[in-house]
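Following this line, the structures themselves.
Consider the two complexes below, in which chain A is the common component and chain B and chain C are the respective partners.
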Partner chain A sequence: MDARLRRVNKEISDCKNDKSSNISIDLVDNSPFHLIGEFDGPEGTPYEGGHFKVDIIIPESYPFQPVKMKFITKVYHPNVSSASGAICLDILKDAWSPVLTLKSTLISLQSLLCSPEPRDPQDAEVAKHYMTSKSSFEETARYWTQAYAGGSGKEVRGKGRADGPRDEIAMAGLERAHVEKFQAMGFDRTKVIDVLRRLNYRGANVAQINDDKVVDELIKS
Partner chain B sequence: MKVHVKNWHAIAQWRWDTGASDADDDGEGDVCGICRVPYEGCCPSCKMPGDDCPLIWGECSHVFHMHCLLQWIGTAASKQQCPMDRRPWVTAERKVAKQGR
Partner chain C sequence: MSSNDEYSDEDIEYYDEDEDMEDIDDVGSASEMELDPLNDLNDPTRPQRKIFEVEYESLSQNDVEKLMRADIEYISSIFGVEMDTASLMLRWINWNKEKLIEKYMDNANAVLMASGITQADKAPERAHAGRSPSSSAHQSSIGPRRSSRRIAPEPPKSGKTKILERLTPPIEDGKFICPICFDDTQTETLNMTCFHKFCKSCWHAYVESKVRTEAESWISCMAEDCSLVAPDYFIEGVLKEDKATWDRFQELLVRHFVGAMPNLKYCPYPSCTYTVSCPVSVSKTSLSSTVPIVTCGASAAHKFCFGCHVDSDHRPVICAVAKMWLQKCRDDSETANWIKSNTKECSKCQSTIEKNGGCNHMTCKKCKYEFCWVCMGPWSEHGTSWYNCNRYDEKASVDARDAQSRSRASLERYLHYYNRWANHEQSKKLSVELYAKTEKKMEEMQITSELSWIEVQFMKKAVDEVIKCRTTLMWTYGMAYYLERGNEKELFEDNQRDLERAVEELSELIESPIDPEVIKTLRQKVTDKTVYVQKRNEIVLEDTAKGFMDRRWKWNVPVEGYD
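Up next, the complex of A and B:
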């Protein structure tokens, strides 16, 4: 039997037999080379209470080439693309080793959620948010967990429940008052949210960005 | 009563002496970390275990099927590092297998 197939089958069954790790790996279709991994968000992080799914592709030369993984569940995190779910993690790139397994790699993703590395970002806007105001970043990450990962989001205050329509302002990690201020000047709400997010209009940055700059950007957009 | 042994089947078991302590702490036992097949089995490109598919020891004390390790070291991605500790791979002098397990 093909070495890659044998190893992957063994990894899948090892993971099924291990109930302690709370990590699951399942087939997407009939191929053992396209899988879905799932794990819970780590406790004590904005991802707590969420359940995260990861798309897994086993390359032809596995385990000599790294497995390809990206988040299916949307995640607000400096090292995960908020649009595509692409992940920036060294072991998925040049620090891969053939002794790593699907399970150990998923555990590494879980710990990436505990320890963001904003200096090596996958999503530059999210990384800026993180560095400008960690508390505002965490509130947004919690909101995303609640909205997309089925988290209870009990700590998200005053932002509405995920079962209602999603709050675009909370999604973007902005303050309602800021958005409303520019909306009152006659700009479209979606545009305002888009521009303020791009300008990283948060925390101490707000004082640095004057209104003319924002209006300029709104007119250009 | 006299018992005459008419014939008998010898059953022998062999193991590579990997110098590792009995059970690994991860409970995976003595498997090659690269192909996940026991050391006593052969690597995926061989048919017969044993001398045709030997083990290789690094000076860092890590052990693999020789064929598995050489395949890894042959990739650019390996940077010629041990898969376990990412130190430059240096093959240790073949240890003489000692009995006494």
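Up next, the complex of A and C:
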């Protein structure tokens, strides 16, 4: 049998037999080389209560070249692209070793959720948010978990339930009052959210960015 | 090993030039004997170097391997370590012997660990079958550790320990199960001194993927967090039955070595494995006065510049100006695209004329108007002394008053030079196509005349010369664009004009139909013209090169090395 196929089959069945890890790996179609991995958000993090899905592609030269993974579930995290789900993690690149497995890699992703590395970001805007105000970042991450990963969201204060229409302001990690202030000047709400997010208009930064700068950006955009 | 005081400690790229040059000379003489005697570049009877040529040496992969081996032997003997160990250390430090000696004296253990020869905290407990890296490096804690986010502060659940269990080969009923492919039928296993054992076919697949897919010769152990790097003997063992990958691995080592040496450059032509050594062109200052065009020993067509990334002959223009011109052409490619078209309208009768040869002397099929493809002016004037096809009339740009006419004039000025540059380039391409036609002509000539094969070679020589000179002409336009107006530029353009006229005449001659009656006369004419063209080309190359050396050229823009 093809060594790659044997190895992947063994990995999938090992994972099925191990009930203790709460990591699951399933086939997407009939090919064992395109899989979906799933795990729960780690406890004590903004991702707690969420359930995360990861797209897994097994390359031709697996396990000698790293597996390709990206989040299917939207995640608000400095090392995960908020748009595409692409992940910045060393073992998915040059630190890959053929002894690593799909399961161990998914566990590493789970650990990544516990310990963001904003100095080596995949999503620069999210990383900036994290660096500026960790509490505000966590609130947004929690909101995303609730909105996209099925999290209970009981800790999200004053943002309303995310079951209804999603709150764009909470989604962008901004303050409602800030958005409304520029909206009142006659700018489009979506535009305001976009610009404030790009400028990282949060926490201590708000005092650093004067209104003219924001208006300038709003006119340009 | 004396002149490196001015280099900082951190500069591991630095390499002692003087010593390296000696090495190259040693091997150079050996390599010449192996080379094709027809290759005139390495012909010992080759005439003296011209002013527009640089001194260089072509090295085969074998020659470079000898240089590498000499360095490895040197380190191996003074450190008292095995060749493979010395090789890894040199590769780690980018082949800077002096730097390596210094670091090794300072802390041998740290060097051994960083080079992937021994592991931190865990030096090999016992010698491994005949091949053990000399290691006095026990129990040291210095040296870089692979940082990894895998070592998360709190790995959730029980997964982590399970991964680590895998690192010890699982042995069930005394049978080895490879921890990578889970195959229990594999009988042959391999490991380095770290004793991380895997089956041979996994090692092979791993090394093959590193070498072939990643072009990587620095190959660490497959085990997680093991920092040992595979020495050559190990790779050789893994690739025993895969000669192609082993060859590629050795080529990668040579490339790494060449990349670390400022006086060596790998031939940029696809799948060529030759290297050129050009010690004189290492310094930046020499590049403001010489154009180090070299040819590798594999083929006379493998011509490239040692000083920049242009993979062809850009003489007589120095690298900095060539680079500016190419950038300008790239930036303005859209404006100038129309020039490249192969068809134009006759300026007399407006019928469409297609260019299908290299010659710029066009005759309209319909009205028989003879004109110049480049300037569309009447051809009759081109043979006379007031021929001005190559020179741009700067008056328009000087007279321009307002911004709009200034910008129009500057575009016009650029197009003048670009037009001629592009035209010679295109003619060159068409001349290459002419080769096939020429071969046929030569065969015909053999049949219709009493000329022998050798005697009909004059056609091929003429085509070669035309192609070569069009390359020179192309670049003279790139240069003239940046030359400050004045006497020097005018003299430059006189030489350019004379060469251009001669080339066009030769071009026309070799494209003319062959009449058996006059073949002998034609042969004489072509041969004479070829010699003349050759002379004109040398005059352009020589005078421009001299101008660079005398700092005679003045530029209308700032040029690197000319402040």
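As a convention for this text, the second predicted complex is superposed on the first by the 221 of 221 C-alpha atoms of A that agree within 3 Å, B and C clash if a C-alpha of one lies under 4 Å from a C-alpha of the other, contacts with A are read in each partner's own complex, and residues count from 1 in each chain.
What we mean here is this: contacts are C-beta pairs under 8 Å (C-beta built on N, C-alpha and C of every residue); 3 or more make two chains touch, one makes a residue touch a chain.
Predicted model, so just to flag it, every value in this text is computed and none were measured.
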(request) Specify the outcome, clash or fit, for chain B and chain C once both structures are aligned onto chain A. (result) clash
(request) Please work out whether A:Ala3 is in contact with chain B alone, chain C alone, both, or neither, and reply first, second, both or neither. (result) both
(message) If we overlay the two complexes on their shared chain A, which of chain B and chain C does A:Pro98 touch? Say first, second, both or neither.
(response) both
(request) In the overlay, answer first, second, both or neither for which of chain B and chain C A:Ala207 touches. (result) neither
(message) Taking the superposition on A as described, I'd like to know which of chain B and chain C A:Ala83 touches: first, second, both or neither.
(response) neither
(message) With both structures fitted on chain A, tell me whether chain B or chain C touches more of chain A's residues.
(response) C
(message) On the A-aligned overlay, A:Ala184 touches which partner chain: chain B = first, chain C = second, or both, or neither?
(response) neither
(request) Can you tell which stretch of chain C bumps into chain B once we superpose, 5-13, 77-85, 203-211 or 257-265? (result) 203-211
(message) Show me the chain A residues, by the header's touch rule, that chain B contacts in one structure and chain C contacts in the other.
(response) 3, 6-7, 10, 61, 63-65, 95, 97-99
(message) Could you list, by residue number, the parts of chain B that touch chain A in their complex?
(response) 33-37, 44-45, 68, 71-72, 75, 77-78, 81, 83-84, 86
(message) Under the stated contact criterion, what part of chain A meets chain B in this complex?
(response) 2-3, 6-7, 10-11, 61, 63-66, 94-99
(message) Using the touch definition from the top, list the residues of chain A that touch chain C in their complex.
(response) 3, 6-7, 10, 20-23, 42-43, 61, 63-65, 89-91, 95, 97-101, 103-104, 107-108, 110-112, 114-115, 117
(request) Could you pull out which chain C residues touch chain A in their complex? (result) 146-150, 152-160, 162-163, 166-167, 179-183, 201-202, 205-206, 208-210, 213, 222-225
